[in-house]
Amino acid sequence: MRLDSLYQEIILDHYRNPHGRGLREPYDAEAHHVNPTCGDEVTLRVRLDGDVVVDVSYEGMGCSISQASTSVMHDLVVGRTVAQASTLQEEFLHLMHSRGEGEPDEDVLEDAVAFAGVSKYPARVKCALLGWMAWKDATAQAVAGGAG
Amino acid sequence: MRLDSLYQEIILDHYRNPHGRGLREPYDAEAHHVNPTCGDEVTLRVRLDGDVVVDVSYEGMGCSISQASTSVMHDLVVGRTVAQASTLQEEFLHLMHSRGEGEPDEDVLEDAVAFAGVSKYPARVKCALLGWMAWKDATAQAVAGGAG
Amino acid sequence: MAPSTAGYDVDAIRADFPILHRTVRDGQRLVYLDSGATSQKPRQVLDAEREFYERHNAAVHRGAHQLAEEATDAYESARARIAAFIGAADDEVVFTKNTTEAINLVAYAMSNATTAGPEAARFRVGAGDEIVVTEMEHHANLVPWQQLCQRTGATLRWFGVTEDGRLDLSHADELLTGRTTLLAVTQQSNVLGTINPVAELAARAHAVGALVLVDAAQSVPHLPVDVTALGADFLAFSGHKMLGPSGVGVLWSRRELLATMPPFLTGGSMIETVRMDASTFAAPPQRFEAGVPMTAQAVGLAAAVDYLTGLGMERVFAHERALTGYALERLGAIPGVRIIGPRDTVDRGGAVSFLVDGIHAHDVGQVLDDSGVAVRVGHHCAWPLHRRYGAEASARASFYLYNDLTDVDALVAGIERARTFFGVA
Amino acid sequence: MAPSTAGYDVDAIRADFPILHRTVRDGQRLVYLDSGATSQKPRQVLDAEREFYERHNAAVHRGAHQLAEEATDAYESARARIAAFIGAADDEVVFTKNTTEAINLVAYAMSNATTAGPEAARFRVGAGDEIVVTEMEHHANLVPWQQLCQRTGATLRWFGVTEDGRLDLSHADELLTGRTTLLAVTQQSNVLGTINPVAELAARAHAVGALVLVDAAQSVPHLPVDVTALGADFLAFSGHKMLGPSGVGVLWSRRELLATMPPFLTGGSMIETVRMDASTFAAPPQRFEAGVPMTAQAVGLAAAVDYLTGLGMERVFAHERALTGYALERLGAIPGVRIIGPRDTVDRGGAVSFLVDGIHAHDVGQVLDDSGVAVRVGHHCAWPLHRRYGAEASARASFYLYNDLTDVDALVAGIERARTFFGVA
């Protein structure tokens, strides 16, 4: 069934019980992103320790896809190096642009493979990417700030 | 033949030998009109004596239709009262907007009936009206000036 | 008594719209409830456009050959029919690409008045002057005025809205004052469905010497509009929302205003004379139509207007009112559904925006789409209005002349399915 | 050696254009020599538009339902194909309604830079700055710059033209200086047919820090254009002159320029966030596409680009060059015919403007029209250029891919007929 392949159980679980939600101190950088067509927004903070992502905290409003995707991202990137997390971000971006043709590697993307079905719905791809884009932005600032 | 019904002999005669051409003194008012699509222009002066049009003098460049029409107009309005000439102007305007359906009265419009065929060609109607519109404009100024 | 819809044959109408017979999402019947975004097009409109291209296509107002004559006639006949449709004179109708351009045209003409001649004085705006809008405006009738204020130093002020989705007129006297240069207001909200008392507002604005621009993008397609009765100075609407092609819209204004308003887009066909150092401009409407226009689309829009006139706008409005009444009743009966906008059909058109408790609008829209029901989700280009009602987004069903009661039933069934799917039923 | 036209089958091409098979003026074969004003449309383009309306029509970038997805895909695929046609990246192509709007967009963005943030500094223009154009510009690439100067206090300067219809570059160093903010120049003159050395001019303008806008309305339809090779900053063209629908045009610009250029038209779909008192704007190209766009027309233009690519622009250009060479030769042999523009095919496209001694251009055009031959008469929206050559008006034959040698023969026969009719033969 079409709806079930879009809204996989993993997605609905993360939506109902988001991981890592809330804005926490301390943090190195914060980004605020919006989806201009629907008004969904996320405020996201990144805390690094050296080149390791030690916390990602966030708050926002949005649909099941954007909420769940941010929650899944939290689990994926926290504890990884910025380089590893960036690779994951690119993998996920690639999957989202695959138009349902992507074959994601579960060993790499873990729960995020559940979003493969979203890539068939171009209007929802932006929802799935909202948190990731905010993370990318905040992390770039954090890295630049650390270097400066 | 279509061309002959457009370019009647009367038109070609006036085109080759325009009546009243040249800018003369004295005059009460002058108007300069252009046809923005083709660049045709006319400068036209009106001389009134009381309410009688005693001279219409003009200069300009343009196609056969605009040149001939101004020449025919000269013959029609000079010597008439402003009221009579204005009626003629309206008659002619009406004929030009008749799309080939007009039945002009030769006793009224004289040589100007030759332009009936022009009304079938909307793009040329503006040519036939160029001089008349300048006359109307200049006369209105002359009348206003005389009153003021 | 509401106008009768007797003899209104929605099945016959639907037969004219090829797209309504396609299926979506693996064979579901298409239930198109997104006409507020853009309408579908009947065969008659598509045929008129194609006939123009296959028989008469040429650049208008520029050539003297037979095709150019025919194309110019088709274009000007389209203008005349569209003008008649809104009770206007031919030379008061300016073709634009959409409502948005029509509104921007006025906003830019007003800033151009700063460096134009004295005849343009009444369009000038600067520090101390005020532009008044409302909180229910579409971005197209808000952002251009914000920008005009930024360019000129004028101040933007606005009417708020009431809890039940009406304009809050209680501060009208403070808002409309001698400082007001222009009031810009929508005739029908694309979110709430609310029909505003434009004639009354126009009278009040005129009393303080302000100009009045009416955003008619959601009214001209759906109800009889007569510009004289309305009393506005400018009226803007889009062809694509009223059965016409994309790429064509209309700015209507009074002859005497157009006659002194400075130009906006400049170039070919809008000039009187051109020299290297300076130019003068043609009379309206040409002055506001620079370049080769959207001729085929104007012809298509005229065919749309003929189609609407054939049905009768009173009957179109009555049909939509019946659908809206039914939808408000059925949606109101679903637990957890909150309607944003008036809950009855008084002064109200057929845009019905709603929230479903516990399900984000995007997710509601997704389940509806999966059921073949096309609605709009998001803020519908009225973000401040959504904020006003504490909603980041809503779902909107919008009706048009080809919808019927079964479409409303499909909407209701889809919402119920969403509630079950997301476990909030 | 000129590119080969081997295998170029003009009869097969003509079969694709329904209008070319109609007759005019009581049964005369239509000889359409007015493609410089607007081109005719092949069946393939009309079919693509209709298929869009009948299957996929919806508002783009606004909906989440299946039709909205399909419409958005169709629109963005059109953008990608049109971008590829001129060697550009997708996000560097902005849809406008025509060339005129595209040029005005840049001119208004430049005046908006005055009140925009510091990132827009390089677009600012004011007293002491200069905008440079040429004497052969179409009004669309002249009047908007006159108006920009009027709004901002900048000065307009221009390149003259030589007796034989070329740009006079002898004063280039005086014209292009540190004061030059922008050079606006046509790639191919719509009157003279002259193809200007745009890459060279762009290099010289860039050397003094100026921006370069190229009016490609007459080049993109007729010859291979690669924006990278050209080295320009902005390029504008119209769909209707290149087999596409009316109502759609393109502004191309470099990504880094679009990224900092202030918006022009404002409203829906071009925003990032909107509050009542202020808004922020989306990334390009959306920032420059306010309102529901001309989606079906963009789709039609992409089909036109596919058609042109199928033929190959090198071959289209070679075909037109062959026709132009033949026309220059045959017209040159008629006593009393004076050609305005280069008399050979070096750096020259297929617009051939001419005067006939003793017969006004309107009258020449009338006799041609009566013979079934459609040409343009007047100043062709290049009034200063006509004044430069001492002509109030000229007749212009302009060729396109569906014309053949018999069309040139018909033109010549029509001119002979005019000379006989008016007794100047």
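Just so it is clear, A, B, C and D label the chains in written order, and each chain counts residues from 1 on its own.
Assume contacts are C-beta pairs under 8 Å (C-beta built on N, C-alpha and C of every residue); 3 or more make two chains touch, one makes a residue touch a chain.
Nothing here was measured: the structure is a model prediction, and the numbers come from that model.
*Asks:* Between B-D and B-C, which chain pair is linked by more C-beta pairs in contact?
*Replies:* B-D
*Asks:* Work out the mean Cα position per chain and let me know which chain is farthest from chain D.
*Replies:* Chain centre farthest from chain D's centre: A.
*Asks:* Between chain B and chain D, what distance separates the C-alpha centroids? Give it in angstrom.
*Replies:* 38
*Asks:* Per the centroid of Cα atoms for each chain, what is the distance between chain B and chain C, given in Å?
*Replies:* 45
*Asks:* Approximately how many whole Å separate the CA-defined centres of chain C and chain D?
*Replies:* 31
*Asks:* Any idea how many Å lie between the Cα centroids of chain A and chain B?
*Replies:* So the centre of chain A lies 77 Å away from the centre of chain B.
*Asks:* Touching at least two other chains at once: which residues of chain D meet that condition?
*Replies:* Within chain D, the residues that touch at least two other chains are 25, 62-64, 68, 271, 273, 362, 366, 377-378, 383.
*Asks:* Counting only residues that touch at least two other chains, what does the list for chain A look like?
*Replies:* 37, 121, 124
*Asks:* Give every residue of chain D touching chain B within the complex, in rising order.
*Replies:* These residues of chain D touch chain B: 25-26, 360-363, 366-367, 370, 377-379, 383, 386, 392-393, 421-422.
*Asks:* Which residues, counting only chain D, touch chain A once they are in their complex?
*Replies:* 61-64, 68-69, 72-73, 271-273, 282
*Asks:* Could you list, by residue number, the parts of chain B that touch chain C in their complex?
*Replies:* The contact residues of chain B facing chain C are 34, 36-37, 121-124.
*Asks:* Give the list of chain D residues in touch with chain C in this complex.
*Replies:* Where chain D meets chain C, its residues are 18-19, 22, 24-25, 30, 32, 34, 37-38, 40-41, 46, 49-50, 53-59, 62-68, 97-101, 103-104, 108, 112, 114-115, 135, 138-144, 146-147, 150-151, 156, 158, 238, 240, 245-248, 263, 265-269, 271, 273-279, 290-297, 362, 365-366, 368-369, 373-378, 381, 383-384, 387.
*Asks:* Could you pull out which chain B residues touch chain D in their complex?
*Replies:* Within the complex, chain B contacts chain D at residues 2-3, 6-7, 12, 37-41, 61-65, 121, 124, 127.
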